[in-house]
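Note that the chains are named A, B, C and D in the order they appear, and that numbering of residues resets to 1 at the start of each chain.
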Amino acid sequence: MEKQTMNHLSVDDVKQMLLYVGETITASKDYLGQIDAEIGDGDHGTGMATGAEAFMKKLRESEFETINDVFKTTGMEMMKSMGGASGIIFGTMFSDGVKQLESKSSIDHTGLADIFRGSLDSVKKRGKADVGDKTMIDALDPAVQTLESDASKEWTLTEVLKHAEEAAWNGVEETKQITAKHGRAKTLGERTKGYQDAGATSVWLIFKSMREWVEQHEG
Amino acid sequence: MEKQTMNHLSVDDVKQMLLYVGETITASKDYLGQIDAEIGDGDHGTGMATGAEAFMKKLRESEFETINDVFKTTGMEMMKSMGGASGIIFGTMFSDGVKQLESKSSIDHTGLADIFRGSLDSVKKRGKADVGDKTMIDALDPAVQTLESDASKEWTLTEVLKHAEEAAWNGVEETKQITAKHGRAKTLGERTKGYQDAGATSVWLIFKSMREWVEQHEG
Amino acid sequence: MKKIMNQEENVMEETLQGFIDAYAADYERVDGVNGVIYRHMDPDKVSVITGGGAGHEPLFVGFAGKGLASGAAMGNVFAAPNPDTILEVTKAVENKAGVLYIYGNYAGDVLNFDMASELAEMEDIETRTVKVSDDVASASKENKEERRGIAGDVFVIKAAGAAADAGLSLDEVTRIAAKANENTHSIGVGISPGTSPGKKAPMFELPDNQIEFGLGIHGEKGIRRAEMMSADDLADEMLDHLLADAALESGDEAVILLNGLGSTTLMELLIVNQKVHKELLAKGITVYDTDVNSYCTTQEMGGFSITILKLDEELKTYYDAPAHSPYYHK
Amino acid sequence: MKKIMNQEENVMEETLQGFIDAYAADYERVDGVNGVIYRHMDPDKVSVITGGGAGHEPLFVGFAGKGLASGAAMGNVFAAPNPDTILEVTKAVENKAGVLYIYGNYAGDVLNFDMASELAEMEDIETRTVKVSDDVASASKENKEERRGIAGDVFVIKAAGAAADAGLSLDEVTRIAAKANENTHSIGVGISPGTSPGKKAPMFELPDNQIEFGLGIHGEKGIRRAEMMSADDLADEMLDHLLADAALESGDEAVILLNGLGSTTLMELLIVNQKVHKELLAKGITVYDTDVNSYCTTQEMGGFSITILKLDEELKTYYDAPAHSPYYHK
């Protein structure tokens, strides 16, 4: 049988994919904590893992009608449970991307681009940060840009997500060059140079695990 | 020239000898502290050194008429400056031995025996401890006993002090077998066995340094 | 590092339970969230709510009380409370005269308290915010509002609590709190790291002969690594930074807070205080009051901060007002 | 371990200077010795004097105050004060109604206070003594008077200070203090050592997975080395010892003090308190009041003690009386 490529995600696909994202975050708790500890307060791993546990629990025990609901629930659970900067920031990223969009029960990569564009705009508005401030935006912004420019291409979802994942990682790499301006680390000035941003790393992990899930569920 | 033995101590000899005792104690600060730390609170070295500094300063800047005065001043300075159990105990040892004795400007080994007998009695009375309680008395008591039994012998001061020093050391060794009953360590019970008593060690050091001084000033 | 605790995930629950068990006559738990409120507040007065990440005990819970905050919204260790927690505490305190949020200026706290205040407004509760930004090591004088909040929280909460207690309006209480913050300058130094409950490694590494000058209360790096120095030299260098920044001059009056970070003993703090007083006296600055304590800690971190509150007649009135909690008394 | 200090030999001088600098309105230094007195005592009432080795801050200096001790005679770190110091403090306080000495039961303190009281009698000052002996780990129940004094100092000084404040005679104040001591039982546990100022090595060594059960406040060994355990298990085992010893039964009333030894955080103490309350409730013992604090420390030692004061109506009256110092409030 020929290898089957995945081009659309159903409501349940999105739910399963986000559960896999949650697993990945949980498994990366110490890694993220260590990165935050270098120039922040070391709690990013615990925070993200708390959020992931919370949304996984909720996703597992709920039935969803629309993809919008899955994303919104994920974000709301993070916001409720996490605290910290990342509770609001990542909560907003998941919950507010779908806010302006009509309800959907299936999406392709164009739909994904729309959602994460909404996420990016909401996060920027909420956190008053922009590219170059050494935050998760430095990974999310390039990822969203590739999603958008790939929207017109005849790529598979895996290919599109792989591209976004790479863009996010480049963003993470770039945060090493930046002096932090936001978050607890902002006041370290020059001394933050050379260290990658924890939140940006989480964004990369999220795209990486979405890509992995899709790849694994092809054919 | 024939080697000259020392049989009497003048007022100034006693002062110089106690200054030498003071130097020895000061130099043994860490050693005594470590011994106290094993089963006590580790301050015996600092305490004894403080007392030694104080009495050395006072001895140096004072003129004395009698040997009684030298001892009394030494003890009073320890009592004033040291605090701790040893402030009272060693203060009493030096100041109260001469209390009942008539004023003297020269002593031989009989005189020394009288003084330290007085010391021993006063310390026992003040501290309500006796031989076997794992205190400095376990070194002082045997030292005084040898001084007394040697009083009738035709020995040199060095020989008498050497004998007392050995008796004191045996006493220190014996404290290792005893479960502590006095001082901060008393409550450790069985767990104090095997460790020598700090105050007993100081008594030995005092006799040792008196012997050394006399020996060095012979001939 | 060993910690005396049970399961990591129960740390906050049990900490707050232990607090309520001890002081149930005066405090109650806010249902379902990590918040506590002081029981005896006047319903007609403005409420001050403080909060932030846990791990700095007795802040923030210990600064709810008579003449202080009405409630505290707590996050997990070193993590800002979520909006839900803040909102529930806001609803649990007397809020009809409005609520002032006071917290240390950290991105996470700002985001969560801002979100909570949007939610509160939706429930017709009026809120204001004063972010404490006293740490001179964390941003330049021109960017005071970007500075971190450290032990200066104490003076700002104190002033606001007193102003609220005096029956002032929400705007006035906010103005007093903002003024207290404007007049509060701190600098810290770290000599050994603390450890978060459940973590195996200490928060940072510091060689035995070095200190972190200007360290933040979450282990954030400071201005520089320095050689270990004497208490007198430390006090001198810290005062140099503070006095320049606070523009304190001969004839001025100030309150001093020497705040231990955890394992630094009261003895050490008193030794530093002796030098601080000597220097301020020499410079003609009148020390109106001094507090030597450990109010804003970072687990068992070694080190301390010096905070100076520059007084004027108005701030003095509110500083002098009575205040009581199990961990703060005036 | 780094210490924030100057020369080792100036530690006490500077500590007391720092205390007086901070709290000069209420305290004054006794000339020439390491002693302080509280300024506002009634000349017609009995004075309580406390004291002992330093290094346990805020004890003992911080327990001079309103409704507490009139003065504190301090030795060097972990060394009893000398008789001269005690005598000078005795002469500096109001002493015409007599003076009660209260201190932890250690050989050095006993010897020095006894000597001082002989000297005081020679100057026609009447003195009495109550030695605090609350540490159940340090001798058997039958030998209560041989036990060490640890955090229980707080309750005995509190009761005596209140009785003196109430105008009772020297004999009566002594009786109340002795009764408070009789009713006070503590047990401590150490999880990491402290370091004396100026010393390079910590006071003892403790492997990373072990604790010292029954540890004394100068690092004296306890009942046994044990594996590190959870807060709940620790509380259980400590309460087992205490309740048996204090003969506390269902229906009894007690005050609880959870005392941190230095670097143990308030968070950890509150977590333990949560369990202590749960157990006492289950056993039908009424907790009349709880205090979670660090009053009797051993430098930056890690660990804590639990103290139980069993109340009767008389002790309750004196426990309830107001008391104030910069470090204790009732």
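By our rule, a contact is a pair of C-beta atoms (placed from the backbone, for glycine too) under 8 Å apart; a residue touches a chain by one contact, two chains touch by 3 or more.
Here's who's who by UniProt: A, B = phosphoenolpyruvate--glycerone phosphotransferase; C, D = Dihydroxyacetone kinase DhaK subunit.
From a predicted model like this one, the values you see are computed outputs, not experimental measurements.
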| item | value |
| --- | --- |
| Touch-network distance, subunit A to subunit D, counted in steps | 2 |
| Chain whose mean Cα position lies farthest from subunit B | A |
| Centre-of-Cα separation between subunit C and subunit B, whole angstrom | 55 |
| Centre-to-centre distance between subunit C and subunit A (centres being mean Cα positions), rounded to whole Å | 33 |
| Chain centre separation in whole Å, for subunit B relative to subunit A (CA means) | 77 |
| Subunit C and subunit D: spacing of chain centres that average the CA atoms, whole Å | 29 |
| Of all residues in subunit B, the ones touching two or more other chains | none |
| Touching two or more other chains - residue numbers and ranges from subunit D | none |
| Topology of the chain contact graph, where touching chains are joined (line, ring, star, complete, other) | line |
| Every chain pair meeting the contact rule | A-C, B-D, C-D |
| In the complex, subunit A residues that touch subunit C | 33, 37, 39-43, 46-47, 50, 79-89, 126-127, 182-188, 191 |
| Contact footprint of subunit D on subunit C as seen in their complex | 1-6, 11, 14-19, 21-23, 54-55, 57-58, 62, 191-192, 197, 208, 211, 228, 230-232, 234, 262-275, 277, 287, 290-293, 297, 299-300, 302, 304, 324, 326-327, 329 |
| Contact footprint of subunit A on subunit C as seen in their complex | 53, 75-85, 106-108, 111-112, 115, 135, 137-139, 146-148, 196, 199, 203-204, 216, 218-221 |
